[in-house]
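Shared between the two complexes below is chain A, which pairs with chain B and chain C, respectively.
And then the complex of A and B:
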């Protein structure tokens, strides 16, 4: 990891060394931009993970784990269920992306906002909701629950690019004799490929490291590498076995990233951007079928959510607000703070995490765009390596990272382990790859000559970025910030490991409440859950409206 | 004054521009003319500081190697304008002055002044997405001129427009450049554009500058046959100049500017005109143009080393394929090659 980064940095500087003026300056600029993301990733990810792996890899445990058939079964099941979940999420997400990008219908904006809600629900809660709907559990439920979380990733990422695609390319295909479907398949789909590949890669990583859902719905029968690592670390205290499995997981994730990266590289190219105002219109003819499919997906997403809301309002004697009233207290002794305090804590932590993640993620995206434009093969390769490396945090067990923090971070001045910034930093680590994946395709679609025009008019590089890239990517930047914020709000894996008991976030509190007996605790949990959904939907709505279509802005 | 001194630009180890040297004096318009793929846009981008290059680009003797694009003070107009889609016309034009820190009031005046200059007065609040191609290019030009660049770089500024518009805008552009006294480097593959706009000409081919000089000199005396053919010569024959007169197989023409001796003669189509006297031949093909008729004439019986030649006839001549015509030499279309 550290070596990869070092190589990336060397490659970047080498790529820029060719010419006297512009080249070197650009190379140095790219390295400077990439420095913060690389440092962030090195200290908060690579170092803790490597430390944990080294703890485990001392006594030949890895080769023993590799020799066991069980390891390969776990790996196969992990990747298999992730692939199936990704396929379902993509299939369900595409019609919704169409709805968001190309359809001018009242209420489409609300769909965009609503989509975020499933994505940020704490995994434990969704696990419970699906278990209530399909008590038997099983593979299908795991796949559906994983897809439930991730439809939003596909729909919003693909929809973001789709809204900007020039419709005339499709019109040209239609005039050449293509049916609407053929035009979509041969013109639109290839143009959407970068966003599609990006979002599919993210979803695949989420699903292959999905933890709470598998734990709740898999029972003893279905286990993934992630749950097994957790089991060995926390329950069996088999640290070297867990480390061995972490290595297997890391290898699988790297493999998936490389495959995804190759697919992306083949397809990612600048797409002509249009104002979204001109691309959205009322659906006509068979487009209504697609709209129908999208609304069906949305309705499907509503089912578990409604189940939760209904549950939060049911008391032993009919409907009531007992759970919500209990938010002012701390349950039946389950929490050290009140529900409201936990909620406030969540908002604050998520804000800090979002600010951190936006800084790191946007810097990284800008560096990646610059590296992708660079002439030298070495610079491009370095860019792709950095691109993949920045995705790794999504694919590595939160348990591993969490443990790694406890082992390593005391070496830093001012012991980070007890700092209130620890949780935001860990959440930012999860959010950064999302920010990059959302911002990068749009930044790459900005015609480089617009930047050059600004430069010849006297704008320094930072000014160019501020006056060209930022306004053109404002939609995706706002969307990325909104997305990052709600992801941080709902983050459970790393937070549950790192949050101090006196300052739990809402998801941590919910998990705590649900694992305790007592009617009040359960009701409080469901009420807190509904509260989290409302806050999420509210934040998403506000930020989505902030970038309301001001004609001519895009 | 701009000096380009042996600039080489390399793409993935293949040189796109090799050892290019040229100079542009203050207030002068130099056209860099070359076929597509000749490396002319690459050279322009290297001068702007957008391409890493070896060799030196100097302004008034100062090497610009360490000067980034935004500090060079070189305005650039792209073929397709590249106006900022998120700003209106005034916002685009005011961009450069804003970067220089010009106060808002002065900026507005400057915008109005430039819109006046390019003939779009009152367009301030228009959205750039609503402009026609010609209007967009005018705005792009105004935007590039607004910060008063010391050098204006035009990259095929008229190529994206239709023929009629191209012609009228070219004439307007001459006026704008003269009034703005802008030192200009124009990159184009269109000779007519180059001749209309430029004082001097540099011909670029396969990454090398083959010839540069005064427009008329290059036009009359292309350095070699390749350049000659690129500059419209379709027929090459041998001849001899003596006492300011050229003698060749097609007749005699006054060339007071040419040096005496045996020469290679390059003939553009309008160097050979259908007339009542001259070299006989048979019309093989005919194509009508806007203001003349272009004919291909088989002259293999009278001029064996030029089997068929391109010539022009007036619309009134009404020639048809298969007819016998006579071709008279017109000095206006004659070039001395080499």
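And then the complex of A and C:
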């Protein structure tokens, strides 16, 4: 008690000293916070991409490609399928978010954990599963498969914010005569808008660069900017054609981000956050319909997953664990390591990538919050630009980035091009935007008056952050870490375009096994998939449960 | 409050320590410390590269050269990455440049001249016509064949036997409707065996005839899927996927992986439908360890390495004095007379043929 009083008194006296200089000091602090994310983005993204584009941009070639109708057909199909996939993922993700955030039912925690499983599955394997379930293929299958991978993004991001929303506002609307739907639409939905927009933006970017799914389920017939950039760059070394398409891709992504940013800004405000314990309760009445819808989505996600597990257990003459036993070996000589070693490589790489991404992502998110609250227009604009720039790596082809590394990173000391650290660095590039999108809505929703109160009571900026922001954002920080780790575990695109020393991760190994003949290799590939799912579920379960003690604090 | 925070911190720290083993930092590459005297030579190759560690270790103890393998994606990615980085290469030696991509790397002077002594033990049969190119010295071959991996149409023999239907043998057979509807092939636009099959039809039917041939395949109902895995492990009836179609475009070596418990192969490669794919190795012209790099090329041509390629990479050794494993001799002999197009013709025609094929098949 005495200490608290002492602190308050000390704070008051210090608060009194906060004069005109405070704003400027804060500005300098923001710049310092943003320095690392900017450097990270500059070295690992902007520089390589610009370098490879400059190699391709020769006079005439690019404008010729831009004049072709085919280029614009590609762009239209790319954006169209991404928009459709995003819509499906949002529609499917919302009931699940409700289930995670507002429903106290036994097993809801397991749903949260399970949701991450689709995210790590190698696209080649999911593609095969979808192809087996819907042999026809086509656009509908592409959209469904893209949504399959991304329901978790919507459900977990929106669910994270939803769990903290004060339920009393809805209850007030209901008691004033609003129907459940009206209350949801006019009270809850606007409050969820930041998280909804964030997750939709991420899903859209993921889907617009979706590669394996489009290639496999489109039967080579449907092409997107991403698949075409891959063909032009990797197989034809037509850097001019690839550069033209990359510029179109970049423009489309920037446009999508600007539209999303405008929509987000209009809705953003500090919603009163509550501890989640008070917001979850047993569903009643028509809420059961929503729960039913959520469970239907979960069941739908289970279908391809079960198909994979079944395939891992089936042998030519029935059932068996041959594939699982083979994890201790390296297939029919197909791999340079055993299945277990590949799993360990995956865990290590993902750990490094997550640590890197959390450091960069959280620093960026804190800087963005501060910039958003700054008085000057320039500061806010700078913040918004940084926000959008940090999202770009999700929307730019991994091929462009990977080939960009080849022509730039040798200029750094120690030739990063062949360093084992390049893989986690490249994965972190993909994970950082996700961390930001998961943490930022919650940090922005923290009532600034809490921070001001803490500062008035004498807390230094770091302490304000530690005692106000961290406890409130703990759940989304943990969720972001879990999600980032899982994304890194399943990451294949960026990894596969880098020069990798002999330490294949599980997705790389699975891809290698599935491109070999022989029953054992196929079984081993599917068994490795199941292992990847189990590891993912395990990691997600541990991290999801880690956050529990934090949550009870406020 | 304080103890509680402390307990959380402890929990986090314990988790941290638990996962501390899970980082690449400080882990090194698994290289042995006692081998620090060895020179390291980096070998750039494609993702399908596989060799028993024992063989690399033996080479290291004999030569004092440690081979570090750098996977670079598929064969196309490997070749194109080498072209992009020729001024400052990521490796000293490259292996896995196939005949489709070889001419580009030669034109760009990615490789330095080197004729290994063992090149006359069989690899000379696959030598590229490298004489007309006088880029960097040009006084000798720059790429040496290391292995051969022909692409052939495979059939599920039992499927045909059980229906009393004669199995197809030739390209002409495949264009007949009763066989076309049973064929599945990976797309020439997105898959390397698919492209080889397209090249095979160009070689067999000629520049003027191949489009007609594909029109017949299309009308007959031949299925095109995006990649080899899908075609072979899912659509093909002779593999573990038990798919619906008994004819698939795959490799000459594939039947060696489909031998039943009784020792008889379940599938067969149609040796009259094969296209020759050769994989080459060479010393990168930008290397600063040319002597050691040459010794690694020698190693790739040594009997010790050549003997491992069938069972580790499903390809045939380029040396003629290496005996294939017994099961291969029965199920997957090397095709005698495969189709082949000159490398420069391929690099000139490839993009246009793919475009024409797309217009024809997908349009």
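Odds and ends about this structure:
Keep in mind that, in the parts below, the second predicted complex is superposed on the first by the 526 of 554 C-alpha atoms of A that agree within 3 Å, B and C clash if a C-alpha of one lies under 4 Å from a C-alpha of the other, contacts with A are read in each partner's own complex, and residues count from 1 in each chain.
What we mean here is this: contacts are C-beta pairs under 8 Å (C-beta built on N, C-alpha and C of every residue); 3 or more make two chains touch, one makes a residue touch a chain.
On a predicted model such as this, the values are computed, not experimentally measured, just so you know.
Judged by the touch definition given at the top, the superposed model places A:460 against chain B, while chain C stays out of reach. When both complexes are overlaid on chain A, the residue A:177 reaches neither chain B nor chain C.
Shared-chain residue A:468: touches chain B; no touch with chain C. Looking at the shared chain after the overlay, A:136 reaches neither chain B nor chain C.
Between chain B and chain C, the partner in contact with more residues of chain A is C.
Touch criterion not met for A:107: it reaches neither chain B nor chain C. By the touch criterion stated above, A:410 is placed in contact with chain C alone, chain B being left untouched.
On chain A, the positions that touch chain C within their shared complex are 55, 124, 127-128, 131-132, 215-216, 218-221, 227, 231, 233-238, 315-316, 330, 332-336, 344, 347-349, 351-352, 355, 403, 406-407, 410, 415, 417-418, 420-421, 424, 496-497, 499-504, 508, 511-512, 514-519, 521-523, 542, 546, 549-550. Across the complex, chain A is touched by residues 4, 7-8, 11-12, 15, 19, 22-25, 27, 29-30, 42, 44, 47-53, 68-74, 76-77, 79-81, 83-85, 88, 90-91, 104, 187, 189-190, 224-230, 232-234, 239-241, 250-251, 253-254, 257-258, 308, 311-312, 314, 350-351, 362 of chain C. On the side of chain A, the complex with chain B involves touching residues 18-25, 273, 275, 375, 377, 447, 449-450, 452-461, 463-464, 467-468, 471-472, 551-554.
Only residues 10-12, 45, 48-54, 64-76, 78, 82, 84-86, 88, 95-96, 99-100, 127, 129, 143-144, 146-147, 149, 153 of chain B touch chain A when the two sit together in their complex.
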